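So, here come the structures, one by one.
You will see chain A twice below: alongside chain B first, and alongside chain C after that.
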Partner chain A sequence: MGKSWLRDYIVKRLIYSIIIAWGILTITFILVRVGPSSPADKYLANITARGGDPAQVTAAIEARYGLDKPIYVQYFNYLGNLFRGNWGWSFGTSMPVIELIKAHWIYSFQLILLSSLFAAILGMLIGIYSAVKQYTKTDYALTFLSFIGISIPNFWLGIMLILVFSVKFGLFKTYYDTTLPLFSLDNLKALVLPVITLGTGMLAGYVRYTRSAMLDNLRKAFVTTARAKGLPERTVIGKHVFRNALLPLVTIIMFDLGSIVFGGAYLTEIIFGIPGLGQISFNAIFANDYPVVIAVTLIGTFMVLLVNLATDISYTYLDPRIRYG
Partner chain B sequence: MRKFGIFLALALVLITLTSGCAKGTTVTNDFIDGESGGDAETLNWILAADATSFSYAGHTVDSLATYDNQLNIQLRCLAKDIEVSPDGLVYTVTIRDDLKWSDGSPVTAEDYVYTLKNLMFSDWLNYPYKSYWQEEVDGKTVLVAPQVVNDTTFTITRQTVYPEFVYRIYDLIPYPKYIAVKYEGNVEAFTQAPEFNNLTYTGNLGPYRFKEWSRNDRFVVERNPDYYLGKDVGAPYFQQYIVKLFSTSATRQAALEAGDITSTSIEPAEVNRFKSMPNIKVFTIPTTGYTLLAYNQRANGWEGLKDKTVRQALSMAINKQTISQAILLGFAEPAYSFIPATSPWYTDEGLAKYGVAPLYDKQKAAELLYQEGYGIKDSNGTIKVTDKKGTPLHLILAVNTGSKPAEDMAFSIRKDLLQLGIETEIKLVPWATLLRQYMMNTVPDSKQEPGDNNGPEAVSQESWDFILLGFSTDLLAPSGSSVFFTTKGGLNFFGYSNPQVDELFNRIKSKEALDKTARQQIYAEMSRVLSEEQPIDFLIFHRANVGFQKNVMGIEPGISMGYNYYMWYFEPVK
Partner chain C sequence: MVETLRDAVRKIGRRLSNSTRLIDYYWQRTRRNKLAVFGLAFIIFLIALAAIGPFFTADPTAVNFEEKEIPPIGFTTQQSTYNIESDKFTTNEIHGTWKHPLGTDSKGRDMLAMIVSGARVSLLVGLIATGIAIILGTIIGVLSAYLGGWVDNALMRFTDVMMTFPFFLLLVLIVFIFGPSLAFIVLAIGLTGWTGTARLIRSESLSLRTREFIVAAKALGASDNRVIFRHLIPNVVSLIIIIATLSIPGVILAEAALSFIGLGDPSVPSWGIILESGQHTLDTAWWVAVEPGIMLFLTVLAFNFLGDGLRDAFDPKSNV
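So, the complex of A and B:
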């Protein structure tokens, strides 16, 4: 009962999330249909070149995919199907959208999860060390390296890692092999280079944020008090300083998570041939594959909304003074 | 922190130890073909508009015939070559009697005729290439008439003569009537039919059977032990044939170098490096593709481009050797017409070879433009090309983004034209934009739907003067290029019109052309006229480089290198 306000808050936020997602779905649904391009575009050049009538071709292709009905009919049909678990048929890949998402989400999820863990854990540890050893040679070296990490473009780093570790030393396969069992050492090994590629920029950022947040707190009075009480330095740093520095870090990590869900992992997927949602959504946009575009937008929206909710909830645990009304 | 460092070091050692030795290991019996041209749209190939879909389906179902590197017809599902009646109107097709669908039932002439009449020719399905099977009779478009003769024989009757129609028939692939009838008339159900989307019907019709298609990742087919040609040569050697997709040529080539894939194409700049690798062999083969510079002869292009002499002068100023040697590093040869030297219909005699000495001459080009009124001469006699009012020329060259060689070619052309005094603005635009805003056109203030050639009055949304892009030519049936060069050609977006060329393309589709010598003469004349007229600047024909692991045997390098790919094998380990 003590946290019934939190339950109410979560319920309220979930209702808001559904309303926001519905709004975004509606806007996306309208935008993709009123745009100048059509799924028939890819057929037009071939067919009209051989004497076909462009208008007739467009009409026939749109009939094939049910796009010949008025837009409001298509919209209500879509919503009705969505509630029944039918996300439509992908024009660009010729399979049900739900099957497409089911087959590919895991590739993005494992990459994003492992990269975030790699970047967050290593980034915070190095950031703490750098703050504690402020203005030492190690601090300068770590600062220098983290600036390099932030500056290196993903696509360049990925290709360099492949050329050195896969081609030169033969330690890893040059591309991600989707036939490997998900929970296997081989799969983990296959993800080493993609995780380093996607995680390096984030890691370097977390090093800088952690160092900065730690230094802010190290200068505060409660640290002096803790030290004066004779607490061991490890306790002062780990339990007092780091816990207080964690609040802004959680915001940044969660924000990053939201960003990569919305396409930040795309380049890494491209380089390593990982058929994740980033690639699926990018191709769908260019193929005017409306059902897939709407589905990935909806999933992305929910992910961001849920990540934001999780961030807000985590605040209440990290700082018990925080309450939501 | 020291403990953390030790942990990190241990983790790296562990990863290294568990990595094994991946380099150079093609030890499985699988052939992995690295591609980066994008994934297929569908395996239900009759609905497809892209080449990749046909290529995927083609591993599991053979066409009636194909051709080898010497362009000899190789029979596939045909029992004997197609017979053409003396008047050139009736084509008799006899298929093998040992072709089977997956349920064991025989593939019959009825399946082929059903595929043509009820699917390809239907209004409800909208087969993208229906017009291949249409002809103009008394000003009306009609379909050819297929008819079953017996279980293994059918005929296709035309009302007009078209000697190259036989090549359309060679490409024919059937759908199983016993499955297709369930979906007939319902395009949505047909589009989503599981049998067609999973190629479950293909029986013994192809060297491989469908196994798996992971979108944007890989397409896998497995050895078909029942392959109808297997009785003669054995079933394919490879257990699986895998098309692995890559998004960049750099990663695709790295995969070949590391031994992770069996074959892939090699960029020109990388060919020498790959040739020096002990585990790789590279074949350089001719292609049917050429790069061209289209001259906009419509109302929204520079008026000078309607003048043949101006087009000749511009083509005379653009150096094809620079493009073929400096940009494509020798993996291209100058083009002078749309027919490549590898085609049996190519004739060198009489071709105007613009862009190569002696018809590569900037001074002469400037003089020609000056004669036509496009230029001013200073006191030293130096000509600066201008418009007819004497103001400097500023022209627009549009090119598709994403191809480094194409962009380099655009800049090379810009440099060549600048030496004449013509300032060229290069517009790098995505393909969809190039297609919709530059190539497709409509008559101003009309309600026309945009098309690639909406008549002589039509203009594109964006103004342009040159477009750099690629076309290809059917080696055996080059008359398909009429879509580019005839007045009403469906892809004549640049607005070229010459009654003589229209007439020559018409003669190819006539009784006269049934005689191969006569057809050769018509093609020679057509090439000569187009090389003289320069409706476009035919720049270069490309050569492709394909790299293989050295242990792949049975490859016959040539223009149709994959025609016998089901007979390729790995060299036995000694």
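So, the complex of A and C:
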């Protein structure tokens, strides 16, 4: 026995992740190459307006970006550059893309971290409560509310929060203040509305998942055993039922990161003017700043890939029953 | 000739009566869930609104600065106008009028007309894009499960790659690269949204594949085509209906969100585009942002209620 199966398993997951990463980069490369515009477009209008020869300009720019080389050379250059951390040049902000991202990622990170914590903790507590009080009026009300929470478009919720709390009551600023130090109470206050905006949908989802995972386990024999032993209800629910319900929940929380959280954070940042990765991608769209839009998509995708890998590996610790061959 | 024709008609009749009985049975089960019935009613209302509404409302693109920012019925706002001759601001109270029941936006366009034409866009996008995604997902899922081997491996690894992309970020990238026309947005959502369906249909088909009736069909010499279309797919139809109902809201929201960040089709006033324009006039005309959002919210809620009700109704284990 020993731990050798674990090492084999981790190596296997790593190789698998590398294959997926290669797939992601290849699909992105194909998308960009198949797309109708080229980096030359950005300069073409500008230079031809000053009397330059369009054909000459296009040729020069294509040579500069290596677009005149055979497609497979371009492909390997692209992969090589990404690995060396050369993510291209942002025309819109006149700096290397990698520097731009280094300056802005922390804003997305703090928003996503706080929202996830808010949603996970509150969602699990409400879900447990709802399951314990199954078929009571409170349970129905909470279930109904969670339906509403799931259905509210988060970008609309953000605007409504601004309308009520900032425009009507003046409790919060309508825009995120970028001059605030990151670790300060004022910064936390500025993030209240964005966190609610991003967190509500997740929160409602976690309430529903926790409730159903708890109910699945509440009827099992080991719960009856625990109660028969005379354990206090608090221990039965907290230590026996919830521990068992936690594993599927971890999967869902991690899965949400890709499907809901990144898209939601993108929109939330735009609504509140938080200068995170979503915001720089949004600005790049208007400036037709290709490398930035691609970089933000790739970073989001690789974060999902890393989190998936971490989840798979952490399972072996969370659930000792799991053995992978 | 006549004989075979009569046979064919009989056969179709029998099939139809069979399916109406089934539909009747599921309808009875769904009906017991009040929220699902509400969802269905709202969806029918929305389809009617989108189909015939535009014939009764004003032109949603007609700009009229004389009538800008009129509040909805029952609301009153203050509007100050600058008079260039007297060099003074005058403040008037503006009341909602029946001419514009839901008010007008900052360009004087009728909100009701915009909401109605937006319903058309959202529903079309939701139904068509979901249709593409479901068909693609079903084909990939069934093929993967049925053929197995390297085909299964290749298809599922491709699905893994597509699933790793955060859905919205991938959409943003695709629409950014290929340009925001409505047809393309629909296609992009359809071509990226099939992964979940493929996985679910695959696992369902895998368990069906080893069941007696499929094995029996194969033993009797049925071709792969026949097994797939006559035995496998009919048995995953209920799953497909549930997935479709529950994925429509996500698709509608995705289109609205794309419009909201400026990647919508500018020639079509979708709810997302109205919402985005309303965000800039929150202090003078709050209703422009509120109204399309309420419609989006109710639409998503209705599909979620219906999908949830259908899931319970189709689940033989649940007692509704």
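Methods note: the second predicted complex is superposed on the first by the 236 of 325 C-alpha atoms of A that agree within 3 Å, B and C clash if a C-alpha of one lies under 4 Å from a C-alpha of the other, contacts with A are read in each partner's own complex, and residues count from 1 in each chain.
Operating definition for what follows: a residue touches a chain if its C-beta (ideal position, glycine included) is under 8 Å from a C-beta of that chain, and two chains touch if they have at least 3 such contacts.
Because the structure is predicted, anything quoted here is derived from the model rather than measured.
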item	value
Touching partner for A:I271 - first (chain B), second (chain C), both, neither	both
First, second, both or neither for A:G85, with chain B first and chain C second	neither
Partner chain(s) touched by A:Y129 [first = chain B, second = chain C, both, neither]	first
Touching partner for A:I150 - first (chain B), second (chain C), both, neither	second
Touched partner set for A:T297, first chain B, second chain C, both or neither	second
Which of chain B and chain C A:P70 touches, first, second, both or neither	neither
Which superposed partner A:P181 touches (first chain B, second chain C, both, neither)	neither
Contacts of A:L163 with chain B and chain C, given as first, second, both or neither	both
Partner chain(s) touched by A:P320 [first = chain B, second = chain C, both, neither]	neither
Of chain C and chain B, partner touching more chain A residues	B
Overlap of the chain B and chain C footprints on chain A, listed as residue numbers	36-37, 159, 162-163, 167, 174, 270-271, 286
Parts of chain A lying in touch with chain B, wherever the complex brings them together	36-37, 41-55, 57-58, 60-61, 63-66, 89, 91-95, 100, 103-104, 125, 129, 159, 162-163, 166-167, 169-175, 178, 185, 189, 192, 270-273, 275, 279-280, 283, 286-287
Footprint of chain C on chain A - complex, ascending	19-20, 23-24, 27-28, 31-32, 35-37, 147-148, 150-153, 155-156, 159-160, 162-163, 167, 174, 258-259, 262-263, 266-267, 270-271, 281-282, 285-286, 293-294, 296-297, 300-301, 304-305, 308
Sites on chain B touched by chain A in the complex	1, 4, 15-16, 18-19, 21-24, 38-39, 41-44, 47, 49-50, 126, 128-132, 134, 141, 187-188, 191-192, 197, 214-218, 244-248, 250-251, 254-255, 257-258, 260, 432, 435-436, 440, 449-453, 483, 489-491
Footprint of chain A on chain C - complex, ascending	35, 157-158, 160-170, 172-174, 176-179, 249, 253, 256-257, 260-263, 275, 278-279, 282-283, 286, 289-290, 293, 296-297, 300-301, 304-305, 308
